[in-house]
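First subunit A sits with subunit B, and in the next complex the same chain sits with subunit C.
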Partner chain A sequence: MSKIIDARGFSCPQPVLMTLDEIRSGEVTELEVLVDTDTSKENVSRAAVSQGWTIIKVREEGDGYAVVIKKD
Partner chain B sequence: MCGLPLISHPNLIAGIEHCDDAGVYKLRDDLAIILTLDFFTPIVDDPYTFGQVAVANSLSDVYAMGGEPLTAMNIICFPIRTMDISILHEILRGGLDKMKEANVLLVGGHSVEDNELKYGLSVTGTVHPDHVYLNRGAEAGDALVLTKPLGTGIINTILKADMASAEMVNKSVRCMAELNKKAADVMRQFSSIHACTDVTGFGLLGHASEMIEGSDVGMVVDASKVPIFSEVQPFVEMGIIPGGLNRNRNFRMPMVEVDNSCPPWLVDVFFDPQTSGGLLIALSADDADRMVRQMNDIGIVDASVIGEVVSEPKGKIIVM
Partner chain C sequence: MKGMKNVFASRWGIISVGIFIGILAPLLQKWGNPGNMGICVACFERDIAGALGFHRAAVVQYIRPEIIGFVLGALAAAYLFKEFRPRLGSAPIVRFVLGMFAMIGALVFLGCPWRAALRLSGGDGNAILGLLGLIAGIWIGTFFLKSGYNLGRTKETHVTAGWMLPLIMLGLLVLMLIYPHVQGQDKNGVLFYSLKGPGAMHAPLLVSLIVGLVVGFFAQRSRFCTMGAIRDLVIFRQTHLLGGFIALIVAAFITNIVLNQFHAGFANQPVAHTAHLWNFAGMALAGFAFCLAGGCPGRQLFMAGEGDGDAAVFVLGMIVGSCIAHNFDLASSPNGLGPHGVAAVIVGFAVCLFIGFTMRKRIA
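Now for the complex of A and B:
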C-alpha cells in the first residue's frame, strides 16, 4: 500500500517526523513525501534509509521535490 | 551588509569587514571599547533558563575578542496581548542573574510589542587595543583549542521533535548557559593567542572557515578530539537536524576535505549551529596543552586541543 505525505510548508524537523510516523505505523510499504526545501529532501531521505527503507526516486515537483521511498 | 561600502576609520580596530564577533573602537592608546548586540527567539521552554542562555550568548562576543564586558542593555520583543507578563519577568530575572555572575551592569534597555518573543542584549566592554583577539591571524604551527562541546543545535531540534531525554536537554542547557568568562580569563594569561572567535550559528567548521578563508594558512581538525554530545548520533543519522546545519554544510563544504575515516554524521555535528558555543582559539602549540590543562582544572572539562594550523593547503580545512 502506498500513501502521499504532504510536508510542504513545514520546517525541520517536521517533515522527518511525519515520515517516521508513517514508516513506524507499519501500514504502508511505499511513501511519496512532498517537500519544498533541499534540507527537507535530504533529511527525509536520511530518515528513510535509517529505518531500512530504500529511496526509489527523487523528482522535482513544482517548487519542491517528491521523495519516493519503499520498504525493503 | 553585502553590497554596502566598508567603513574605515583610524580608530576602528574591528569593523564589519571580516565577520568579527564585535566592533572594537580605540578611545586612547591604552583603551578600546567593544560593542556587540545579539538577540533571538526562545530555544528552551523554561523562561528563566532562556534568559540565562540569551545573556551568556550575548556576552560571549566580548570574551571572544579578549575583552571584559562592563554594561548591557536589554532588547525585548514581547507579545504582551497573548502572553503572560510573568514569563517576561522570569526571562529578565534569568538574564539579570547571569549578568551578575559576569559582573556586568544592566543600565537600561528597550522593549517593543512583537508577535514573536525575542530577548538579548546590547553589550559594551573594554579591551587594551594591543590585545584584541580577531578571528584572523592564526599562524602555521598554532594549535586549535575548542572550549565547549558541539551539538546544542541538534539537541534543540531533537527537543522540538519531542524525542529528547531530560538528561540530554539538561546537559545541553547547562552548556549553553555557561559563560565563556572563565575560559577567557585563562586565555588572556597567554601571550601567544593569535586568533579567537566563538562558535555560534555557522558551526565549528563555518567559524573555522572564517578564520582562514583567503589567508595563507589552512587547518587540520582531528575529528576524534573534538568535544561533542555523542548522544546525538542516532538522531543525526535519522535526519533530525536543524535546517541551518544543512545550509552551513552546503555553504562551506567547498573549503573542507573530509577523510574517509570520519563518518558523515560527525561532519554534520561539526556544522551544527551552536547557541552560546565555546571559544575557538589559535595559539602557539607550546602553550596549548598548558592552557587546556588550566581550563580543565577549573571545571571547563570539555576544553581540548582539536587540531592545528598548517601552511598547506592554504584556505582549506582537512578533517581526519
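Now for the complex of A and C:
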C-alpha cells in the first residue's frame, strides 16, 4: 500500500517524524513525502535509509520535492 | 545549481564544516575576540543590542560583524544553490517569545551552545554543566515533539519578506562604516562602543566579517545545528549533525592547544562563573527553547538567510531578550548570577512548558 504525506511548510524535525510514524505503523510499503525545502528532502531521505527503506526517486514538485521511498 | 548533489550534507561534509568552524573560532579569539568567545551567537547578538543602545551594560556594546556575516553568507549560499525560499507564518510571535527566553537562559550560563562547546575546548570546566543542561533541555523538548507539538506550517511569501533580516544586517554594517569606533570614545554617532570588558575585545572588522560570511556560507550548505545534533540523537538515534558538533569541539580543542589558549579549570575562566546549578539550568532553558523553535541560534541565523521569516523573528526575539536580561539584571557576569537570574529561569521554564503543552495537534 502506498500513501502520500504532505509535510510542506513544516521544518525539522516534523517531516522526519511524520515519515517515521508512517514507516513504523507498518501499514504501508511505499510513501511519497512532499516537502518544500532541500533540508527536509535530505533529512527525510536520510531517515528513510536509516530504517532500511530505499529511495525510489526524488522529483521536483511545485516549489518543493516529492521524495518517493519504498520498503525493501 | 539546483539538484546538484550537496556534498556538505554528507557525513564528511558536516564533519569538515565542524572542523572548519572549530579552527576559525579560536583563531578569532587570537585575533582579538574575548576568551573562549571566538564565536558566540547569544553574546554577539547581545553586543549588537548594546551597540544600538538598547541596553545599558557598557561592557558589552559592539556590532559584531560575525553575526552580519552569518546571515549574509547563508543568503549567498541559498541564492547560489537556488535554495532561497521566502516563507513565514509558523507562529511568529511564539518564536519571538522562545527567542527571548532562549537568550535569557543563555545569558544565565553566559553563552550559546556554540560558546559552550568553545568554552569546553578551551578548558573551562563550567561548560560541562552548560552542555549537560543543554542536553537536558533538548531532551525535555523532544517529549513535546514526540507528542505532537508543532508551530504550524509556514507559507510562501514575498521575496522582500525573506530579505528583511539580511537587509537589517546590511544596515548594521553600513552604520558601522559610517560610525566606526574612535579610539577612547564610547560613542560615535548613534553607535555605542565598549571601552572595557568583552565588548571592547574584537578581531578587526574585516576579519570578523569574512569569517562570518564563510562560516555562514558553509553552515547553510551543511545545515550545521548544535541543537539538532542532540535532538536527532535523542529522538532518532541519528548521529549525522552530532558529527559536526563533536568535530567542532575536537578541532577547537586542538587549535586552542596549538595557540596556547587551553587552560583547564573551573575558577577564573574568561567570561564565566562557577554557579554549577545555574550554569546547568540556564542552558537547559536555552536548550528547551531552541528545541521548541527548531534550531540553535546559529541555525536560526542561517535559516533567516535562506528567507525563513520565522527564524528571523526568533533572532529578533533573542536580541530583545538580551535587552531584558541586562535591563532587568537577569544576566550573569564573571561575579556570579544576576540578582533576578534565578527567577528568570523559572519563569522561562514555565513559559516554555506552557507553549509545549498547549501547541500540540496531530499533524499527519
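Everything below uses one rule, namely that the second predicted complex is superposed on the first by the 72 of 72 C-alpha atoms of A that agree within 3 Å, B and C clash if a C-alpha of one lies under 4 Å from a C-alpha of the other, contacts with A are read in each partner's own complex, and residues count from 1 in each chain.
To be clear about the criterion, contacts are C-beta pairs under 8 Å (C-beta built on N, C-alpha and C of every residue); 3 or more make two chains touch, one makes a residue touch a chain.
All values reported here derive from a predicted model rather than from experimental measurement.
By the document's definition of touching, of the two partners only subunit B reaches A:Val44; subunit C does not. When the two complexes are overlaid on their common chain A, residue A:Gly9 makes contact with subunit C while staying clear of subunit B.
In the superposition on chain A, A:Leu20 makes contact with both subunit B and subunit C.
When the two complexes are superposed, the chain touching more residues of subunit A, out of subunit B and subunit C, is C.
In the superposition on chain A, the residues of subunit A contacting both subunit B and subunit C are 11-13, 16-17, 20, 37-39, 42, 46-47, 50. Interface of subunit A with subunit C (complex): residues 5, 8-14, 16-18, 20-22, 36-39, 42, 46-47, 50, 60, 63.
Put simply, subunit A touches subunit B in their complex at residues 11-13, 16-17, 20, 37-39, 42-47, 50-51.
On the side of subunit C, the complex with subunit A involves touching residues 2-3, 6, 9, 81, 83, 85, 87, 90, 145-146, 150, 152-156, 223, 228, 231-232, 235-236, 238, 240, 294-295, 303, 306, 308, 363-364. By the touch criterion stated above, subunit B contacts subunit A in their complex at residues 157-158, 160-161, 234, 237-243, 246-247, 250.
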